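The structure follows.
A, B, C and D label the chains in the order they appear, each numbered from 1.
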């Protein structure tokens, strides 16, 4: 009887108990902070207290064994407290510079059997922090690419930007494996996005049993789906492929419309979005590469493009200038010129608010 | 168990390898006593095997959806089944559970250990720390284990599930006052209070679609509220930025490193307050006067830039409160949206009754008018912001818009216009021949 | 027989013959210009030649008598040449400063019987130039207000800005009497626009004879019109008034849908548009007053609002700053505060591209 | 003839009074011999009378439309009838004629006098100089007079009508090279050539809707091409701005008044090149170096500002050409549009064959795909810019957009994708169980 003794609606644990004492004592009293070195922060309280934070990268996808190892470290240095950032980094908080040194040494020494760091220190300040991402082939039914592998491939390649603070401003990279964008890549400095490029296949044999056909028809934002009959007279659907923009929404609504395809699927790259209100307003990322192949497991094309963009940006942007602000300042025409990314018709908007993206002035550069 | 050359490629390189980690867990499971595992011993190995197959096929090998859950809850579990179960029986069922993380993700290790033990025992032992919405994600278990896990979690860990489906999703917040000098609101308290107050909305889907709350202590938006929540609660202030002129001098003199040293990996030369702060102020409301930094606060748009660069000299004001922005979402279907201002500023104190009132009015409207799978941001676009404001009872303010409308297509109401809408063609024709 | 001797397709006269000699001789050779005083320009050619232009206001709506008077002046001072600007000002071109003086004196002396100037000199530089406008009650069938009278009322009141150059930049005022916007007010510093506020009346008796009903139905951008029957069983239409936005397009298509109404019609005021690409890109005017009454013949409410906007702008804007650039710099919230114009829900966009006008950041002023 | 107190109010005030003017014409007509007028003597008085009535009723007194014209032409005349003809018989018919103005509106007085005579004889004697599109508007005559007027105009004045209806409308241009140092193209010649070349399109409606050409010599857009024409032809350059450093110095020293003195009605203080030019440059590509003004021309967006302010020091480059922008229009129906770039730059010489080629391709596409009353700008929005470019055969360029798309909703074509669109569900199901 599942309702016996049932406890429900208790929510998460209360945050206060999870705060280390130095946080409890200085809650709301922080005066300022400093990034002592990449991955190491100090926050100074009005009370004079200090808390040192050592931030480490993490794969986000981790095992019970790894969690226990994190706990071991936290127990050893941090009185049994640990936290995770909004970008899936791990933070160890201590209250003295000595503990920082010991901790750093310990963390730097921990590697997986294969040699990767378990706890690379970094992700602060003007860096490439951890990549926010999604499930991909590890758990989801709609991906157009894989998430964890692409993130690993990219982070390996831009590792020095994670452990350094050499960029003009922070560069936030995000990844989502389909247009649902669970990685919320729509406002990232660099966004990697799995995209489909073939219309769904219709599983005529079962579609009228497993899906509500009218619901599926109305799920298509472009009205590409209409009712049809099989030769046997069964109710089914048809898709006008020239109207399809491969959003996958119909598949979300109906399992009999699989859209994934080895040759069709791949990766789009968007750049120039941001979330913070600092200097410029939050803005959307823009598609600058419409498609790169799903070259598993290391996506060399994607990785190279990302690296190239970061390098050109790092060399050309002004201090404090986010990637999108840089691109807007120099103009997108110069962005393409400088990065060497080809401009194609796919990058021109033709969706609902397209008009607002058109150049309605003679102000442009050759 | 499986040949996984491509997957194993991902063990290389400096960044933490989820493959190397998974293999250590797989190894551990091989050795674990039978009674220490309630699901398949080879669950991790099968997962890696299926991942290899997916790389080869260039297609996911998970079936579409599957409705599973715990009794009385409509969310918190995502059902998942392999479409090649004969090859990978360990992951034939592979449901995830979303566990409501504590506000701003501070943990005590005893809790994490208990959770790791529980999950290794009744699940795959694989986690996401954390999911994009903020939950602790427990990756992969079988249908039978869901109830026992829920039982153990609530009874032994004092811990509830998070959201999924058409309900309030697990709220989430930035680190705020816990370790940030910029926080203008108590993000943890607000996040916790809203999570607790709306447990029913969180667990029992009754909405047209998902609904997300995120709480940011200031306009830097470290938890991405403005782009990723149906209501973004963002701390701000409406009095003057506090200035410590001595510290300003110290920054100018080079005695304090700008932006807390966040850019010191490169030599950017001497700090130049004019170029780096004053000239970059989006509202151009700062200037130097007799060696003092002056701010015309009336024209400050509270972008945080000057404060970010000189945190020891500048602080947000003391008359703090919250801005409410509504409607952020990913692109499905009408295109992505960034949240839009609907309450420029409000003061609020726990238990935040005035904020709850706004939330509830929004929900009421959305539940009445929203179509199936229509996010609140899309609904506002569909009915129009003016109508939304009218129904919610919020006064229109120029702060809600970037710019007034360019088109003259105004929906006048009958009561706006003298004489109403009904007119008599005969009277008209008496004045105007056809 | 109308085709006898018929001459067609001969187009306009060739421009070259209409050029005074100094223009012919210096075509494409102009080196620079100067505004000597309001309304008086000199252009200097590479050849050393100079042409002086005296610019005068005009009502645009003018009589044969007035045209002849213009010709008299042009014959007397300008060798029989005259031109009109793109904003309906009259330009007298002469080739010496002496002629300028004589001309100016002559022009200043010419007044209508009622005392208005016939040829007020001005309209150059940082001024309010002539108001581009439309037909109104003088000739059109769809106006929501009158054009010539409103223009006269406004120009009388801002006359000093026409004859002076005291503004931070030019202020272009335009007027259109209905949403068709023949005055092309959509990109003006200040735009006066006639608007309807009541849905069309349906002339059931004749509608099915004089209009193509399906065409009318499809002419409504909001689908507010649908087929209906009269009690007598005649085909007619009905209009969902809560869907109507009073655009008048259905009336354009069908005379049996008159929309004009004494109480419904009035004036909207838009500001902040521009056409030139100088400094900022061309941009649309924005509705800042949704409605002011048709208070014929002098529209005091409209005139006062226009004057107030110009005065606040003149006092607050920076040199070279167009009205829209000023409003954007200070923020629209400050625009409303400073001008004292009330902000109402009508000013919030709810048409197709509305989303792009929403404030999607915390960057605003209180 | 009529009591017109409200209308007479408009005689007062300094601005030229159309009422005072009309009254002088009315007076003149009262005295004119009968054989000097082919239409009603009281036409002007009746017009003023009807205007007074309109003020009282708050409604126009013109009937809807009316199809009249001259034989063989589909445009050039706008039919108009009073809806109170019994009160104002003089304007029972009151059609306007649109007369194609000469490029940039220079006139010889003999032409104007002939036109005035003709129009007083066969029409109301009332003009608009000029209509918003650019035509000479002859305001008010009767149907019977249309043919005689056309005959006289073509035979005696060498002058044709302009456009109206669904055709090419009367093209129009800025003063350009005739009296402006900024002109990068020969606007008059281009306007004239296009007008003459497309006489058929101008007079015989065969388009889905109206189509307008406007020619501006530079990006200042004095004829408003960018906002008011279906194709805007705007002169520009692609080499370097020409700088006369001596003149720059003179501006700085205050020896030359900035902007040709256009702002000298107010004391703005000493000219500050940094604040007034360099800081206002939209692309921030100017700076001073050793007393010299430097321009990074590669990053100049040719906005004209610096040239406008210092016309004696700066001039557009010498490698001039034209930018083509398409689709401007008023708000009916989809909302107003400003024209969008479709050809960033092209060189062209009379008779402008390469430009005509683009025009004709656009027309061909519009005539094929455009719906009734759909402007080209709306059509491009409907089918999408990429498709439009493909059909017209123009290569996509980043100059055509402000920003790349934010949404990932890309229409891939079958040929873009390996293996095409057709797939076999059986094959798929062989890999993936349901």
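Heads up, the rule we're going with is that contacts are C-beta pairs under 8 Å (C-beta built on N, C-alpha and C of every residue); 3 or more make two chains touch, one makes a residue touch a chain.
Bear in mind the structure is a predicted one, so any value in this text is a computation, not a measurement.
Participant: Return the chain pair with more inter-chain C-beta contacts, choosing between B-C and C-D.
Facilitator: C-D
Participant: Report the inter-chain centroid distance for chain A and chain D in whole angstrom, where each centroid is the mean of the CA atoms.
Facilitator: Distance between chain centres, rounded to whole Å: 48 Å.
Participant: Using mean CA coordinates as chain centres, what's the chain C-chain D distance in Å?
Facilitator: 13
Participant: Of all the residues in chain A, which ones touch at least 2 other chains?
Facilitator: 179, 186, 247, 255, 258, 261, 263, 277, 282, 284, 351, 353, 355-356, 360-363
Participant: Enumerate the residues of chain B that touch no fewer than two other chains.
Facilitator: Touching at least two other chains: 57, 59, 61, 63, 219, 226, 282, 302-303, 331, 335-336, 338, 406-409, 432, 434.
Participant: Among line, ring, star, complete and other, which one matches the pattern of chain touches?
Facilitator: Shape = complete; every chain linked to every other.
Participant: State the interface residues of chain B toward chain C in the complex, per the touch definition above.
Facilitator: Touch list, chain B to chain C: 219, 226, 234, 236, 238, 282-284, 298-303, 323, 325, 337-341, 344-345, 381, 384-387, 389-390, 396-412, 414, 416-419, 421, 423-425, 428-429, 432, 434.
Participant: Please name which positions on chain B make contact with chain D in the complex.
Facilitator: By the definition above, chain B touches chain D via 57, 59, 61, 63, 83-85, 331, 335-336, 406-409, 431-434.
Participant: Sort out for me which residues of chain C touch chain A in the complex.
Facilitator: 277, 281-282, 353, 355-356, 360-363
Participant: Which residues, counting only chain C, touch chain B once they are in their complex?
Facilitator: 179, 186, 193, 195, 197-199, 201-206, 241-242, 244-247, 255, 258, 261, 263-264, 268, 270, 273, 284-288, 290-291, 328-336, 343-351, 354-366
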